[in-house]
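In what comes next, chain A is part of two complexes: it sits with chain B in the first one and with chain C in the second one.
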Partner chain A sequence: MGIYHLLWLIPALPLLGFLILAIFGLKMPNRAIGIIGCASIGLAALLTIIIGINFLTSPPTGNFYQQTLWTWFSVHGFSPAISFYLDPVSLIFTFVVTFVSFLIHWYSTEYMRGDEGYPRFFAYMNLFVFSMLTLVLANNLLLLYLGWEGVGLCSFLLIGFWYKEQENCYAARKAFIVTRFGDTAMIIGLFLLVKNFNTLNIQDILTKAPSLWQPGATTAFWAAILLLGGALGKSAQLPLQTWLPDAMAGPTPVSALIHAATMVTAGVYLIARMHVLYELAPVVQLIVAIIGAATLLIAGFSALAQRDIKRVLAYSTISQIGYMFLALGVGAWSAAIFHFMIHAFFKGLLFLAAGAVILAMEEEHDMFKMGGLRKKMPVVFWTFLFGSGALAAIPIITAGFYSKDQILFFALASTKGSFWLWLCGFVGAFLTAIYTFRMVFVTFFGEQKKEVHRKPTNSIKIPLIILGILSLIAGFIEIPKAWGNFAPFSSLMNKVMPQVQLAAGMENKEVLLEVITGIIALLGVYLAWQFCLKSPKVLYNFKTTGLGRFIDKFFFKGFMFDQLYDIILVRPVVWLSKIDKRDFVDRIYEAIGNLGLLLNKIFSRTQNGYLRWYVCGLVLGMAVALTIILFV
Partner chain B sequence: MMTHIPPNEGLLLAAILFLLGLIGVMTRRNIIYILMCIEIMLNACGLAFVSAGAKWMQADGQVMFIFILAMAAAEVSVGLALILQMHNQHKSVDVNVLNQLKD
Partner chain C sequence: MNALISTAVFGIFLMISGLFIKSKQAIRILAISGVVAAFVLNIIDFRQYGASATELFHGMLSVTNFGLLFIEIILGCVLVYFLLSGKDLANIGHYTGEYFALIFFILCGVVLAATYGNMLMLFLSIEIMSIPQYILAGSDKHNLKSHEASLKYFLMGAFSTGFLLMGIALLYGATGSFDITTMNLAGRPIDAMALAGIILIAFALAFKVSAAPFHFWTPDVYDGAPTVVTSFISTIVKVGGFVAFIRLFHIAFGSPDVDKHWLLVLSIITAATLIIGNVTAVFQQSVKRMLAYSSISQAGFMLFAVIAMNVLSWQGILLYAAAYSLATIGCFAILMKMKDYTYDGYNGLAQKQPLLALMNTIFLFSLVGIPATAGFLAKYFVLSAAVEKGGLLWLVILAVCCAAISAFYYFRLIWAMYFKAGDCQVEEHAITPAFKSVLALTALLVIILGVWPGLILAWI
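Moving on, here comes the complex of A and B:
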């Protein structure tokens, strides 16, 4: 049991790193900053692994460990605590957050070298890891919300990291404001839960909810859908997905860590955590599945037309989180978390490799201006290929196949699944293969259009190699049931999560589905090769036709969601504020200010600099006070 | 052998002394006189404590007087140092000169 008492250190170490860097960072040499920034996360990762091994070999009673540090506050019997809760779900999230963060921090020491904001970067990154760990380890929703807003803040700070360019600031503000819509819904959901349960302790809510609410109860519906709102904002799902592609304005390690591997999956974590609520509100769970399916298709189509390598990856992230939502929606909780883990490995890898390419190309993001980098940057090429293989779910040899295939199977086979949900996921898998390998072929094959400017060093190569290996082999901890009985991941998850309910007669269709998905992925790769390398003329000719141009532009702009929101939200607000510049509310506040000024003018005359005057005031005041005490 | 003084008369004397000191603080312009008037007020307080202690037969009054004595000594040393500085910088001991902090 001894080692569990160190649980609080896992979030505390990054916080300490942040404090040191924030206070002394400007006076420290860059080397020390890099060491502190990495060491705080590295130690947290090490501690997580040790605790994790302990947890797996000798699980604590009830499969959870709770550590209460202190009571946050206490009002009318509502007393949330600063308390950490470790169970298999939070263990997996903590492991991924600390481990992937460590690799990305390591990579950043090289990537950010020479940037004037070096200490600021690592301070923000450490603060982010602290917030994310608070989010996943919190035992009550209020502490979770603290972490939730903390990661939102860090996301804002890091998207606008290069704040001297105005576009980056716009992107940062957009991310902040769009997620605010979701967060507002979420906090209202929390109020609703407090009103019903008088507590925000997650486990208490989960155990009490089934006795308080019937399945399909109206309150359960509202609670679930309001929390879903928060999840949609943070995880960039329809209709709040528009901020994520613009969030690529930040440094590439930030995109890798926050906008791909960890923060954007917080929504998945929230829904998985509150799974009982969603089972009590089947309508909302269906909405989750539909939103996931719609998002993965829209993002997949949008990714097809992007030219910026980071935007392709951003849309693919939205699309992959769509898969996780699809899994959550059909009740395949374990599959969603499994895909989260695998996705964190390969998407972190893809962003880091893309970052290495961007460094080599002197901040060039347009992949059509790169080309032929295969020979010049072999390590980056091979690791990028592994990551792309996992993203496209190339059968058998990549980890992505095992996780995505599981989701597709459950989308069809679960009692909550349907043929249409499966079809969306299936088409999405096809699109994924096409846009992923379009990116690979355009960037690394063909003729070289630009010289390699900066070769990747070891601090860039080693994280890439580690993540590359994981993108290949991490899937083997969850072999499909049809192949053999080896699934330690889901058996770990099922200790605390309900198992997915299969519809009758679906078990033996798994192999058939796997074959179909495998073929479609390979077909996608072939199509990408055909149209991007072998005969790009065909595509080019199509794009010059009227219809082709329209489709290309429509996909490139991400289904015009930005333009739509501009018309229905931004412009009315701007118009209203324009015609309503001087309304009476302003007058009230102006009057308060003027009153203050007036009083100031009167009383400042009493301060005339004569000692005698002050003493008289003192005596007069004392006389009044004495009179009141003695005679009233 | 001390003559026994009725406590009420002691308190009355203390009040008169205190008022005298207060009037001095309010009317004087010379800062040295102001400081001395403050001393008078402090000693009036001390007398009030001692008289009250005698009235209720408690030693606390005399203890407080010793406190006041110590504090008055400290206050005078600081006050005199300030007066020296004031004389150095303004070549005057008139408090009305010191009105630069007015609004």
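Moving on, here comes the complex of A and C:
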């Protein structure tokens, strides 16, 4: 048990880093700030790896370790504990969060060099990692909610990191407000759970729920769907996806860490963690699958038309999380978490590489103004290529293939899956290949349009190389069943998660599906090459037609969701509040305010400084009270 | 009873020391070491007393671990007070030794309030707490307002002492006992004499904790007294009054067939205190006066612990004593460093003294009851206690609304510090690194108690 006692240090180290940087950051040299910022995360990552190895070689009894630090308070039998819970699911999340964060922090020491907000940046980042680790390690929904709001706060602070430009502030505000819709649903869900279970301890809820609720029970439905609301906001899924593309206003390492690798997958974590609730509410689980399928398609189409390299990646993030939701929806819990891990590697990599490109191009985001960087930045190019391969799920050699094809297989083969869900995922895979390699070809091939301004240094290259290697090889820990019996990842997950139920006669279709999806991915790459490099004229001509222009704009604006919300939500509210400036409800509040003023005046008048008056009040009060008590 | 002996002995010692020791610094250090000594000696006492009462001095004192824990909290708060504001206390006038001596005598009264087992001891404790306050309120001899405060406080206090004595006498007449545990009002019909006695005592104590409608003296006295004295009497002495209140009413008048008689009256007092305290605080211009009204409204919350009468309310009053005292002492310590006591005097403090502004914000958060500060849990406990008691839901709702009102006048100060441009004047030379670090530690304590109340509650 020895090493497990240090579990609390994993979130505590980043917190310590944050406190040091927040208090003394302004007076420290940048070098020291970088070292503290990275070391706190690095040590946490190291500790996670040591604990993880321990966990894998000699799993604790019951496959979990619980560490209760203290009980916050205990009132009416409701006693939320500050307690951490380590099982295979939270172990994987903790590992990815600490490890990827460490690489991104390292990268940031170079990326943020020369920025006046250097200490602020690392303080926020450390606070973020602390919050995220609290979220994934919490054994209690209240503590999880603390982490949940903490990451939301850090996301807000970091999107608006360059707050002197108003656009960034708007983007930060948008992210905060849009996710607030989801968070409000989530907190109502928590109230519902407290009301039914009188506890927020996750394990207690999960064990008690099946005996309290029948499958399909109404309360289970509400609890599951309210929590889903929170997950949709945080993970930028339909209909709350609009904030994520704008969130790219933050520094690129932030986009890599928060808006790609870790925070946006918190929704996936929440649903996976509370999986029992979703199995008791099959309708909600179906909704999860449908939302995932719809989101991945919409985001995939939107990514096709983007010009800003970071926005392509942002839409692809939404799309890939859509795949994870699809997996959750069909009950393939392990597949969702596997795709989360692989996605964290390759998407973190893609963002970091894009950041290196942006640095080299003097903050140029438009990839059509880049071009031909293959020769000038070979390391960035090759790692970006690996990441893109994984994103596009190029067969056999990339990790993304193993994780995504598993999801596609289960979308069809699970008892909860269907042909239509599979088809959405399949089309999505095709789109992914196209937009990913469109990005690769436009940015790194063709003629060079701009000089390289700042060459990547080692602190940028090494994280890229590590993530690049992982994007290639990390998939081998989960080989498709048809190829051989080597799946340590899912066997680890299935210790605590239910296994996916396959429909009859589906087992032997896996190879066929893999061949099809492999071909479609390669076909997508070919199309991207055809239309972006070989004969871009065709596409250009199409875009100048009326229909082409409309489609291009429609996709570019992300299916016009912003405009839609503007029309159905923002404008009516603004309009209503304008015409309803002095309405009845307002009068009530005004009356309360005036009453307060009046009372204030009366009370202040009693405070006139005359002793005889005070004594009079005292005696009067006494007389009244004695009358009440003796005669009433 | 080490705490009782050590505070009394140190009080006398300090009073005499003024004759021999001329250095204010030395007397201050002596006083601080006195509090530390009492703190440590009280810890040693802790092992000997359990949850059930131990009678001392023929039942004059009845000591429980709750009482000792309360004393420990009070001594801790006094230590913080001395460290933060000791210099200001020493500089009120020439008689440094006596100011500190009076504080120690008050502490002696608080110790009695936490441990009395007899009505006579209750009377003694209330008077030992009160009389030094009258002197301290008037200690700034060159200030007419200070004199006025002292005189007003004394006259009103004498009035309420009359109530207290009358109440005790009536109660003795009805029961034939001074002992709070054997008074035994339960189990037989209560006559008018006993009821009138209970009510008179309740009013006298309500006066001491400045509950409405007996609060009239509070703003004038708190405003007129030297700020450093206000800081003390609005925190330590007030919660000392509360411990006397809660112990008497829980132990002597707590059984269900007795409490039904006084519950309504105390509920009304609570409601009136909450409303008057909060509503009047809203439009104050002076921060010092605002804090005076805020102390009335916080008293309204602490009254919940008196009327709820269950385990939660005991825990609640302990937490409330610590949360309220620490935060208010912190706010006053910062106030004393300002040259202008109005809200506008705080404009732009965040730019000039970022640490002070931040700490002040934490203290104000705690006073409002923002989660993760001690003030939140304190409010949560006392209100939960009332909910558990039952039949008081209307009062709880009222209290929550009043807490919302209180956010207005507390946050106004944060607004002034952070969002208003201005050139606030602070006494730079008085803001030493030592002061800042004690302030930061106090704020840290407020937060630690907010996330880990077990630090206090684990002991009972």
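Keep this in mind: the second predicted complex is superposed on the first by the 579 of 632 C-alpha atoms of A that agree within 3 Å, B and C clash if a C-alpha of one lies under 4 Å from a C-alpha of the other, contacts with A are read in each partner's own complex, and residues count from 1 in each chain.
Keep in mind that, in the parts below, a contact is a pair of C-beta atoms (placed from the backbone, for glycine too) under 8 Å apart; a residue touches a chain by one contact, two chains touch by 3 or more.
Small disclaimer: the values here were computed from a predicted structure and weren't measured.
Legend: residue contacts after superposition of the two complexes on their common chain; A:R612 is shown touching chain B, with no touch to chain C.
After overlaying the two complexes on the shared chain, residue contacts for A:V515 are found with neither chain B nor chain C. Look at A:I628: by the touch rule set out above, it reaches chain C but stays clear of chain B. Shared-chain residue A:G596: touches chain C; no touch with chain B. Using the contact criterion defined above for the overlaid structures, shared-chain residue A:S604 touches chain B and also reaches chain C. Partner contacting the larger number of chain A residues, of chain B and chain C: C. Touch criterion met: A:H76 reaches chain C, while chain B stays clear of it. Residues common to the contacts of chain A with chain B and with chain C across the two structures: 604, 607, 609, 611, 615.
Residues of chain A touching chain B in their complex: 604-605, 607-612, 615-616, 619.
Partner chain A is touched in their complex by these residues of chain C: 152, 155-156, 159-160, 163, 192, 195-196, 199-200, 203, 207, 212-214, 216-217, 219-220, 261-262, 264-265, 268-269, 275-276, 279-280, 282-283, 312, 377, 380-381, 384, 388, 405, 451-454, 457. Residues 22, 25-27, 34, 95-96, 98-103 of chain B touch chain A in their complex.
Contacts from chain A toward chain C in the complex involve residues 70-73, 75-76, 82, 596-597, 599-600, 603-604, 606-607, 609, 611, 613-615, 617-618, 620-622, 625-626, 628-630.
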